[in-house]
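Structures for review follow.
One chain, subunit A, links the two complexes that follow: it is found with subunit B in the first and with subunit C in the second.
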Partner chain A sequence: MKRPFKTRIKTLKIDGIDVGAREDETILELAQENGIFIPTLCHLEGVHDVGSCRLCLVEVKGSNKLFPSCMTYAEEGMEVITNSERLQTYRRQVLDLLFSERNHVCAVCVSNGNCELQWMAGKLGITHVGVPYLYPQLAVDASHPYYAHDPNRCILCTRCVRVCDEIEGAHTWDVMGRGVDCQIISDLNEPWGLAESCTRCGKCVQVCPTGALFTKGKAVAEMKKRHEFLPYLRSMREGRNE
Partner chain B sequence: MSNKATLATVWLDGCSGCHMSFLDIDERILELAELADLVYSPLVDNKEFPEMADITLIEGAVSSEEDYHKIKMVREHTRILVSLGDCAVTANVPAMRNRFSVQQVLDRAYLENAVLNQHIPVEVIPPLRKLSVPVHQVVPVDVFIPGCPPSADNIFFALTELLAGRIPEMRTLTRFGA
Partner chain C sequence: MFNKLEEIALEERGKAEQYTHTINVCTAAGCASSQSDAVKEALENEVRNHGVEKWCRVRGTGCMGLCAAGPLVAVEPEKPDEVLYQYVKVEDAGDIVASLEDKPVERLRCSTDIPFFTRQKKIALENSGYIDPESIEEYIARDGYSALMKAITEMAPSDVIDEIVASGLRGRGGGGYPTGLKWTTVAKSDGDTKYIICNADEGDPGAFMDRSVLESDPHRVLEGMAIAGYAVGASQGYVYVRGEYPLAVARLKTAIRQARRANMLGSGIGGTLFNFHIDIRLGAGAFVCGEETALIASIEGKRGQPRPRPPYPAEFGLWGKPTLINNVETLSSIAPIIRNGGDWYAQIGTATSKGTKVFALAGSINNTGLIEVPMGTTINDIIYEIGGGVSGGGQCKAIQTGGPSGGCIPADYFDTPVDYESLAKLGSIMGSGGMIVMDESSSMVDVARFFMEFCMTESCGRCVPCRVGTVHMYNILDKFSHHEATPRDLVLLEKLCDMVRNTSLCGLGQTAPNPVLSTLRYFRNEYVEHMVTETNGSGPVTKQMEVAQ
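Now for the complex of A and B:
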């Protein structure tokens, strides 16, 4: 997404390292550019950020608040800390909550070994979940001819919603309900196979970080996602519009 | 009695895959036998849990009344309790029944899907608890080794570290579902 201001350069520090940023750049983008790892599950290059997963929270010197780095723009003189003890604790708690809120069973999942949630748990050093699991009753939607939606594995990152709306232009997916009852729905909460707006392009499946959206016919650990198409598609379209 | 360390392994609600993986350490079991005595396990003959085991590996989730009482007893008689594998660590596949009531699960298994002799057993088989849960939701656990199953290398590494008096760092070695 193009941002509505002219580009100027800001200088700031991330983890004590001097970096230069365009003012339309987020702290997350800037960190990635400079090889500094900030965990995230909802950010997806090519669509706009929503700050929903809260894994990318960072500290900014002079403030007690924590800032989602995907939603925070670089500012002159800012001092950002990306990996304090406090942040690590919160990030692990976020993962605990994600794992306990739905029914994630890695061992029998189509995405086992290729899942961003599973990978992140390893990366952030989660060896067990510290809170009780909720075990919600959620039905698998296999009504679509090519794909299936298993909300048991959904982390509500809304990547599918954004890619369908912003890139495909179909807006088949959306979010229904609040808090722990929040769910991803197709059209007006109809079975995916009956959703008339769906073009069957499969972009949502490819950007889904877990096994919540998958291609039918895939068995355990067989589902590999490919979202390299997205930045490519976007830059081609931008080139065409200029 | 020798002055070797004592090792126990316990099989709760799991598929025994973690015990199979433990056996997959192959000839390294001789090295292990130099350092520790296997005092209680589905792999050996002892029927009574010892007064105090130095290390106990737990495979499986806590699903039945028997599992529940056993893990409480084992915790009291163990210095270092290890959750071995995803069923002990997360309740994994056994917990997939948690979305249904115990009655629904029993009906499904013993009535709806049974061709012969349709009845729900009431003797010998321990009653299921309402939920199948990870071990650390019932008793404190000292070491977690995720994996389905954890590899023989990881199990051997964890045991040799524990027997050398160190808490093994498993975080970079294994993960859920590995």
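Now for the complex of A and C:
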């Protein structure tokens, strides 16, 4: 016999707190709703998640695996732990790897003081980087009239790729290459200034968590990002029942 | 329709009876690379020169297994008198043809009584080497497509799944997920549109099982896919083959065309209402596309990158539809199971791992090639009996199974039966079936470094641990192999292994540390020996500082 109803509302526990959830809500959303902090870098409200930064991993009781909270949906009876010693170690290691991957020199960065990576490092208590730096040689692209792209500060979170594709609809950005050689490219790896699909809207610049994308003319520590436009745009487009 | 199949089979068998002798030449990749094409041509010429074409024919067939001794040529009058020739050259063609009515050419002869042939049990490879892979008639003559006809005319889809569940077949691509369970979940998923995908993106270094099946017996894979389609309710299938296998792609294309013409694929298969279409999609050389979610992204035309699971493809797969993904070898075991029943298959193998498994023997072993053995055969039997021992007569130090996701098993554990659980207990995995044999001269640090380099260059770059972690691990292993590592490096290496394994997004990253972890487990002393050496006047001294055990 067919079940006459479908359960849409679930109850679960996050860090011991009882939480009520819709089935389409993620653990991350529920945690934020209940004032529980889960670190994230690639997550950006308003575009789809990719689960790539691995900072938001959480433990679920009964499973040995770790789950990316941005892409794990509420389930009945779930018991989630968002901040164990094991998770803290892994999160610090993720930041270690990010800092070692490219040339993140805060002292000369336009986003110094306003950088999500820098802030996260402080928040998670990073005092030093435990792995050797890789020091790649990457060229800055300043061909665009308004903005510039410095891949040395890029953490490959692909927020710019997603916002350009899903919100602006231009899909100027994408990823090229494999593994540690991955690079964010505009159009078919042309200089940003020559990328015909770019509408110069600047959404990518505003959502970039670091100083990898910035407005020209900003000096050290002057680049403040404005994220507010995205929830606004989204609510305007989708109506208030969102 | 049954009659039509039988007609083709009868006709084909009748044709075969005209000939008292058939000379089979292996034309699969292994022998083809040692010019078996030229040998085949020479044999054809000689048959004509000797004027024996009335009763003797020359055929190109699939892999005969013993790739080390290629090109292989088999002369079959009747089965017990079959003569196998090894290392055949173009010049030998005359002698072989001249000897047909006389005694075989002893200098080329390869005994078929050796354990390599007698200890094997062929199910997935039953037709390999016996049929022309480019002829559907020969496949039908050996009961081809009878399982598909049996399924769609005599069985309900749920009966087909029941047989697969009863067989105990588990995924041959690596994980060992129960095939019957996978089929059940896809069958139960909502939706009218479902897809079948055959994962032929075989990328492990040293593995060539799937390639050989596709090159030797492509119809068997198509038949397995069509049966799967009937069982779960799909009418479209895709074969995702790596572009590096041009011969396999060509033979698959031929096979699909022939099957369509014979009404074994397409609309209204065999006069029933069942439709099933198969298309080929080519991979562009990314190892990660063997991971199912990356494979789906690649078929969809996107960048081949995995996504977190769940949702599993069984519910949310290709274009968001329920999708069944099975490996080539899994699909090629389907037809025999339907033909002979699940219980027949379940008799073979061990309690938890049923049936047979194809292994690609490579490395320092005498009988390099392809073998199919029942699950539960011990590693000793595989290497020393079937494999003929270590080449050069030395001792075997370890074997590596499961490619870059697997691990090394040292000689002390060679009495272990090969099944999914036993290998996992030893810190390795069954994987797709690559088995690389290493002798005493192999450095385990170099082995780990080789596989880490592979994972590093094949990482897609999406998640941080795999993208950056593999680079650091590779750099540390490189230091070890140059005797520049310090005890601190060893500690860091182990930390990174733990982190990458537990936090990576997909299977590639999660298993990338396995070769390191398993060599550390069994050959830790080699890592210690590879640490910084200092000269204290009399020669190099290994600095064996307090290394965390």
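Here, the second predicted complex is superposed on the first by the 232 of 242 C-alpha atoms of A that agree within 3 Å, B and C clash if a C-alpha of one lies under 4 Å from a C-alpha of the other, contacts with A are read in each partner's own complex, and residues count from 1 in each chain.
As a convention for this text, contacts are C-beta pairs under 8 Å (C-beta built on N, C-alpha and C of every residue); 3 or more make two chains touch, one makes a residue touch a chain.
Computed from a predicted structure; not experimentally measured.
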Room on subunit A for both subunit B and subunit C (clash or fit): fit
Touching partner for A:132 - first (subunit B), second (subunit C), both, neither: both
Per-residue touch tally on subunit A - higher for subunit B or for subunit C: C
Partner chain(s) touched by A:169 [first = subunit B, second = subunit C, both, neither]: neither
Touching partner for A:217 - first (subunit B), second (subunit C), both, neither: neither
Which of subunit B and subunit C A:113 touches, first, second, both or neither: first
Partner chain in contact with A:103 - subunit B first, subunit C second, else both or neither: first
Which of subunit B and subunit C A:122 touches, first, second, both or neither: first
Superposed arrangement (fit on chain A Cα atoms) - minimum subunit B/subunit C Cα distance in Å: 11
Contact residues of subunit A, present in both the subunit B and the subunit C interface: 132
Touch list for subunit A against partner subunit C, complex: 50-54, 57, 66-68, 71-72, 89-90, 93-94, 97-98, 100-101, 130-132, 134, 155-156, 174-175, 177-182
Residues of subunit B that touch subunit A when the two form their complex: 83, 86, 89-93, 95-96, 98-99, 131, 133-134, 136-137, 141, 144-146, 148, 170-172, 175-178
Interface residues, subunit A side, partner subunit B - complex: 99, 103-109, 112-113, 118-119, 121-122, 125, 127-129, 132-133, 135-137
Residue numbers on subunit C that touch subunit A, as the complex places them: 286, 303, 307-308, 456-472, 475, 492, 495-496, 499, 502-505
